[in-house]
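Some structures are shown below for you to check.
In the two complexes that follow, chain A is the common piece, with chain B as its partner first and chain C second.
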Partner chain A sequence: MGQIELKNIGKTFGQTTVLENLDLTIKDGEFAVLVGASGCGKTTLLRVIAGIGPATSGELYIDGEEVSDLEPGKRGIAMVFQNYAIYPNMTVKGNIEFGLKNNKVPKAERERLIAEVAESVGLTEYLKRKPNQLSGGQRQRVALARAMVKKPKVFLMDEPLSNLDAKLRVQMRSELIELHKKLKTTFVYVTHDQTEAMSMADTIILMNKGVIQQQASPEVIYNDPNNIFTAQFIGTPPMNILKMSNGCYLGYRPEKVVLTAEENEVEAVYKKKVQIITREMLGSETLYKVRYEGEKEEANTFMVKSVEDTFGEDEHVWLNVALENLYFFDKGEMRIRENDNAEDYAACVECLKGE
Partner chain B sequence: MEQKKVDKPKKVRTKRSLSTKLTPYAYTMPAIILFLVFTVYPMINMIRLSFYEWNGLTEEKFVGLQNYNYLFNLQVDFKIALQNTLVYTVSVVFFLLLFALIFAVWLQKDSKINAMVQRLMFFPHLCSMLAISTVFSWLMDEEGLFNAVLSFFDLPGLRWLNDSTTAMMSIVIIAVWKGMGYHALILLSSLKSIPTEIYEAAALDNTPPVRKFFRITIPLLSPQLFFMLINITLSSFKVFESIRVLTKGGPGKSTIVLVYYIYEYAQSNLKYGVAAAAGVVLLIFLAILTVIYFRLINRRVHYQ
Partner chain C sequence: MLGLTKKQRRNIKRTSLNILEWIFKLAVCVMFLFPFYWMVITSFKPYLETLQFPPTLWPETFTLSGYFTVFEELEVLRYIKNTLIVTGSVIVLQFLVNIPAAYAFAKWEYKGKGMMWAIVLATFMIPGQLTFMTIYYMFADWGILNSLLPQILPTIASAFSIFMLRQNFKQISDEVVEAARLDNASEWKILWRVMVPMAKSTVITTVLFSFIGHWNAYFWPLVMTRNEELKPITLAIDRLKSLEQGMNYTDIMAGNVILVLPVVILFLLASKKIIQAMAYRGMK
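Presenting the complex of A and B:
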């Protein structure tokens, strides 16, 4: 129903090229999250799909039909904006009804649809209110209802939760997941928040500087990153990365480290004597910042996350990482996987033993 | 509990010395004095004078409501002035808002030409009405530029200010020309402050352009339009300079307006009492208008 296909999409603003030769397929019914730092082109991509910032080159298909030159209102999509963009001069009902009226939906049908949508987002008793009499969360629901009532093939959402307070954000997050389950339509959701991406997405599309870094499920993107950018973007704190003597990079996640007081307490390929510089006790876990023994003061530090809170500041301990938790990246910062590049992988493991 | 909280500062206030209490009044005293001397006193004096007969030289003579009787029953020229003022005001308000809106929408796109046009359009606002009137008296001369343009297109020339049927229209044209740029700029800046997402949402809602303009743009401009409506109405009610320079109320009585009527009765006819009574009527009109505007239209205006 709502598969989105982008072929060779390019987008330039004057002299600046934001997207170039971009190919992307978002499957029907998928909850796809576009994530990346600000300025990476994720919103631009969303606006290309919406048609409010159409592509300068390339083709866009929704539901198998080319829509590159179609008006935004005729693409069978609906969008929720970051600042909601609800019409301030209309009532809640007027806002929801506006698109239906434009599409010449008969009055009885309109009334039925509005009642149904208002009920499902909990706005029934606010239909006569003006937006300035609503709270942030309620405005968010109006924007959502306005999108839902059109029964679009695709929902586009541009950081819809970023203007809500932390508590409401978590609540709306699970409501959106439920909504997606209920509607079974394609969602394309833009955010800069990797936690939001991880918790909501079926598929994460991670972007950097207009290029898609990886498109995969949250599990894959976390456990099997394609490159250093992905490895460091997903996960808090980010993956520790250090350069090896052969020019390649070694990475390991802070939460996969085992800290021990003695050298041979656990089996591990990667063992380093470290000094704990700072310790942050967060309750369920403890965050350590460590520096490798024998390194200078200004040398890189690494993060370690541990469920146990056994060590204190300035203690000297052993850092252990098992082989399956080590990631290798080549000089171009791309991942070296054992399955498809056994030779380089072995070389990196060898190199590691020498260090 | 809450009452006690409210009481406390009151107690402190009563303990304050007299000088502390008077300080704010002392600071605002210059403004208050100016306001009393130049606004309140003349107003009261005008109301008082409207019950007297006075030519500026002789003793003032109390005549009760005779001056008002003179205005409304004995002479027709006050009613004509009232009617003319109404015609002028309605025309100026309508055409000024219309053209300001058209130009604001037209100049919305950022381009070098538009930036230049904006500055040029603001220029008439900076010129004095006196100078503009003088220039227009040449332009609207029967041998002037306007008629030259008309004859170029083989159209018959108009007598503009010299014909009782076109004189008021000519005065309106001048007022609209003078105010257009200023009001277009106000509208332009508020047009630009409308979030683009609103228009994008409208585009996604498949909104036809005309509907977008009337259902979104106009309502979102309504605070400014309302402000302009009040401003233009009040200033149009007080129109004087252009009339004084260009037509002196003529031809016949075709361009006599309220303020010009007052001026004429005070300065030429030396009937200060009648002039004062007309002033009172103008005052009442303006007061009523202001109240009506704020009461009625304010409800329909959307403020962001």
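Presenting the complex of A and C:
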């Protein structure tokens, strides 16, 4: 029903180019999350799809139909904004009804739809209230209800949870996942928060400086990143990256490291003697900051995440990483995979032994 | 002050400050209200009593002769009709012109917007005394000097109203407008159903200012009207000065009471909205 296709999309604001030659397909019924640091173009892209900040070049298809020049209200989409953007002068019911009225839905039908949607988001008893009599979470529900009632082909959401407190955010997050399961429509969700992206998405679209770095499921994007940017953006703390003597880069995730007191306790391709600089006990896990033995004080430090809380500050221990947990990147910071580029991969493994 | 605790001393200080504050407020009120009071009582005094020295603070004999002169001899209702037609038309037309203009300046992007805004601001600063000659000749060319139009047309686009409304519209988040566009609302509908209700206080204030401005207009109708039939109430009241020999304060003040009464009533009704408009910050 709601497949979104962007072809060769470009967007400029005056002299600044934000998006250039961007191609993207979001499959029907998918929960797609656009994630990236602020200013990476993710909101711009969402606004292009919505039509409220139309592209300067390229084509946009929704459900196989070109909508590049169609007005926002005629694209069969609904959007939930960061600041809710509900109409403060209208009641909750008025807010939900406004779009229906504009689409000339008959009154009886409107009443039925409003009752239905208000029930499903738990706003039934608030229908007569004005927005300023509602809490932040309730306003968010009004914004959701207003979007849902139109039964759109595509839901667009621009950081809808960022104004809620942490507890409510987690609750709304799972409600949104449920909502997506129930509605089975395409969701495009923008966030800067990688945890939110990982927990909600079917597909993560990671952007940087207007370019899509990788589009993949959360598992793939975590386990098999395309480049250093992706590897470091997803996961907390980010992947440790260091330059090797051949100019390529080596990476390993903090949570894949095994710390041992003795050198030969475990089998590992990558072994380093390190000194623990700080230790953060987080309950279920412990975070260590370590420095390689023999390096100067100002040298890079690396993070290690361990489920066991065995070591203390200033201890000297062994850092072990197995080969399957090592990632190699070329001089252009792009990933070297064993399957695609066995030669370079082998060279990197060889180089590792000399490190 | 000896023997008092710190708290007691602080209380005394606070009370005396409060009393001072009230005296000051009262003084300001008297300064503003006394002329009105003087106008009203003078309008009820017989002619000779208005000249009496020392003046009386309350009429010794009440008379309605001033009001009789204004209504019967001056036929003030005729002029009030002119003023009402002019003021009413201006307000309606301003409503239709200034609100959409302010919306376009606040929320649309188009070529030449900065230039146009500069022109609006420029008209804000150019006094009518500079342009009345050319406008008068223009209207003479058009042959409309024998109608009320010269009093209506030049003020339809009001820089002040556009400025005030634009500032208010700008405070309304773009997202609300975008949400309405996504709700398939036309720009016209967004303006009247979303923007104007949110800017209600400012709309009322600009209408009120416009009403006061046109109700009290003196200079513009003075130069634009030659025909007695077309004159507004302000010019009629002015004529009281020369209606009889000398200044008949009873008649003049009765005329003034009639002139300011509608404005005062309107202001009292809308003062809350005016304060809101000036202090509007929007809902977060």
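Rule of thumb we're sticking to: the second predicted complex is superposed on the first by the 355 of 355 C-alpha atoms of A that agree within 3 Å, B and C clash if a C-alpha of one lies under 4 Å from a C-alpha of the other, contacts with A are read in each partner's own complex, and residues count from 1 in each chain.
Convention: a contact is a pair of C-beta atoms (placed from the backbone, for glycine too) under 8 Å apart; a residue touches a chain by one contact, two chains touch by 3 or more.
On a predicted model such as this, the values are computed, not experimentally measured, just so you know.
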| item | value |
| --- | --- |
| Joint occupancy of chain A by chain B and chain C, clash or fit | clash |
| Which of chain B and chain C A:D165 touches, first, second, both or neither | neither |
| Touched partner set for A:E280, first chain B, second chain C, both or neither | neither |
| Contacts of A:N103 with chain B and chain C, given as first, second, both or neither | both |
| Which superposed partner A:E71 touches (first chain B, second chain C, both, neither) | both |
| Common interface positions of chain A, toward chain B and toward chain C | 50-52, 71-74, 77-79, 81-83, 85-89, 98-99, 102-103, 132, 146, 150 |
| For the chain C and chain A complex, residues of the former touching the latter | 173, 175-176, 178-186, 189, 193-194, 197-198, 200, 283 |
| Touching residues (chain side chain B, partner chain A) in the complex | 195, 197-198, 200-208, 211, 215-216, 219-220, 222, 302, 304 |
| Residue ranges of chain A in contact with chain B within the complex | 50-52, 71-74, 77-79, 81-83, 85-90, 98-99, 102-103, 130, 132, 146, 150 |
| In the complex with chain C, residue positions of chain A that touch it | 50-52, 71-74, 77-79, 81-83, 85-89, 98-99, 102-103, 131-132, 146, 150 |
